[in-house]
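So that you can tell them apart, the chains are marked A, B and C in the order they are listed, and the count of residues begins at 1 in each.
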Amino acid sequence: MFSKFFPRDFNFFKLFEKQISYAVDAARFFREVVSQGCVNEDALSKMSAIEHQADDVAHTIIEQLNKTFITPIDREDIHALTMEIDDIVDMINTIVNRMRIYNITGVDKNLVEFAKVIEESVQAVARAVGGLRDIKNVKVVYDACVEVNRLENVGDSMRDKVLMELFATVKDPIAVIKWKDIYVDAETVLDVCEDVAHVVDSIMVKQA
Amino acid sequence: MFSKFFPRDFNFFKLFEKQISYAVDAARFFREVVSQGCVNEDALSKMSAIEHQADDVAHTIIEQLNKTFITPIDREDIHALTMEIDDIVDMINTIVNRMRIYNITGVDKNLVEFAKVIEESVQAVARAVGGLRDIKNVKVVYDACVEVNRLENVGDSMRDKVLMELFATVKDPIAVIKWKDIYVDAETVLDVCEDVAHVVDSIMVKQA
Amino acid sequence: MFSKFFPRDFNFFKLFEKQISYAVDAARFFREVVSQGCVNEDALSKMSAIEHQADDVAHTIIEQLNKTFITPIDREDIHALTMEIDDIVDMINTIVNRMRIYNITGVDKNLVEFAKVIEESVQAVARAVGGLRDIKNVKVVYDACVEVNRLENVGDSMRDKVLMELFATVKDPIAVIKWKDIYVDAETVLDVCEDVAHVVDSIMVKQA
């Protein structure tokens, strides 16, 4: 629908789809890493490679935005969407990096659980972003956004539960410091996914 | 004054007053909770109920904003004001939730002191927001904003003082982690109140 | 170039240069303080004085922005630039204050290293901001922004390295809490410098 009116701008949608696909890669890789319970140099450089690819797409979008006079969706929404998707990848990268800094080894079942919810949420965000191309997808986009919100609530409860458990059972203060940071970061990924869903939702509302 | 020109939009002011009234409720309830020194299930669900009511008003404001062509005050200011007031309630809710997660029991005189300053600040914010309806209230709004700024400075000093005391006297590292978070959160409520006051002030300046 | 068209607005540039000069003062003073390894009352009040001077310029800029109809650069860019420069000074002030609250004494070689990188970065930001006056400075501004980005990457690696060392070697949990906060804050100054560079860069792009 938008593409009829602004045929040459269709590539914003293509770029967003590319960018969110790297976020999906990051989330999948994160789940793999925490399931193996070890962040080695190889894992770090793979994660870093995904982050750089995502970064490149974000830069392309911003550059193109600065050069484009008429955009298929509001300029500030394009800007916000790119920045927020970038934040998803950054946040996942932050956790992997933190696991190395804290020398986390061994599989933590709570973190595996978080990684699964994160992967589901990023996939739902990808469906929402993918639906932006066409106003006919309004139902798909809406459902995906509702799912992202639901998973953010799931994450909130998980974080509260695991932190309660952490403070109630772990006696080593340095372990408390480490895991508190990691669980809070994990939940933050879901917050950022929700932020992306809000931007997508408001773009759809304006076009409806 | 605004209402003369945009009579049908007067309900934005009504909605802001409703929203800030829930922030006042949250602040009052927070003071009660910390004065009793115990966060039980009942307290949590009461706090959560206030937060949901505040959320509903925020959603109504954003929906109405999306549907309204001419707004009595700048669109971005309406958006910012709603979001910032929402942040007050969220932040208070975060502290109550944290007290449960950290299993805080017993009355802490520093936190009681913070809760009093928070309640005063939110009440001043409510006077500022309530004055937005009419440019004639410029003095009331201005005085309320000055008071919010003053209380933010009071909160800054309190936080520094209590953290200094905490690090100088408490030897249990896990207690240090818990109380550091709670005191920092408490001061953050006052920061958010100041943010609301800034938005209100800038709205008044533009209309003057 | 801008000043030809908007001669009366030239003082925005003058004000930005004034504001960033206080950030340079703050960074220099911070390096001096950490090189001496002691935050006494005298150091605190000097730091606080710099912060107030910087604040005053920020207020003047915002006031002038509210009164000016045609601005030499986009209103939102002027606003963003002032706020971000203010954040540099605030963040440096936060660290000095934290050092007092945590009763940090003695010279920490890592923090001295951070302080040097921070001073270099703020000086590069000052070159970028100083170049904004004239589109002919595009190369100077661009080079300065590249340098700020480079130093942010240097800071990221430093923070990761020193945190890894901290968690691997320090056994006192309260010392871990303190130094973790301080190193993270130090790196945050470099993040904020990068944010300023982004704003400056985007202003240049728009005018090119």
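The rule is short, and it goes like this: a residue touches a chain if its C-beta (ideal position, glycine included) is under 8 Å from a C-beta of that chain, and two chains touch if they have at least 3 such contacts.
From a predicted model like this one, the values you see are computed outputs, not experimental measurements.
J.: Nearest 5 degrees, what's the C-alpha rotation angle taking chain A to chain B?
T.: A turn of 120 degrees brings the C-alpha atoms of chain A onto chain B.
J.: How would the chain A/chain C interface be labelled, same or different, where same requires over half of its residue numbers to be shared?
T.: Since fewer than half of the residue numbers are used by both chains, the interface counts as different.
J.: Need the CA-centroid distance for the pair chain A / chain C, whole Å please.
T.: Centre separation, chain A to chain C: 29 Å.
J.: Where in chain B do residues touch two or more of the other chains?
T.: Residues 173, 177.
J.: What residues of chain A sit close enough to touch chain B in their complex?
T.: Result: residues 160, 163-164, 167-168, 173, 176-177, 180, 202, 205-206 of chain A touch chain B.
J.: For a test of understanding, state which residues of chain A touch chain C in their complex under the given definition.
T.: By the definition above, chain A touches chain C via 66, 97, 100-103, 173-174, 177-178.
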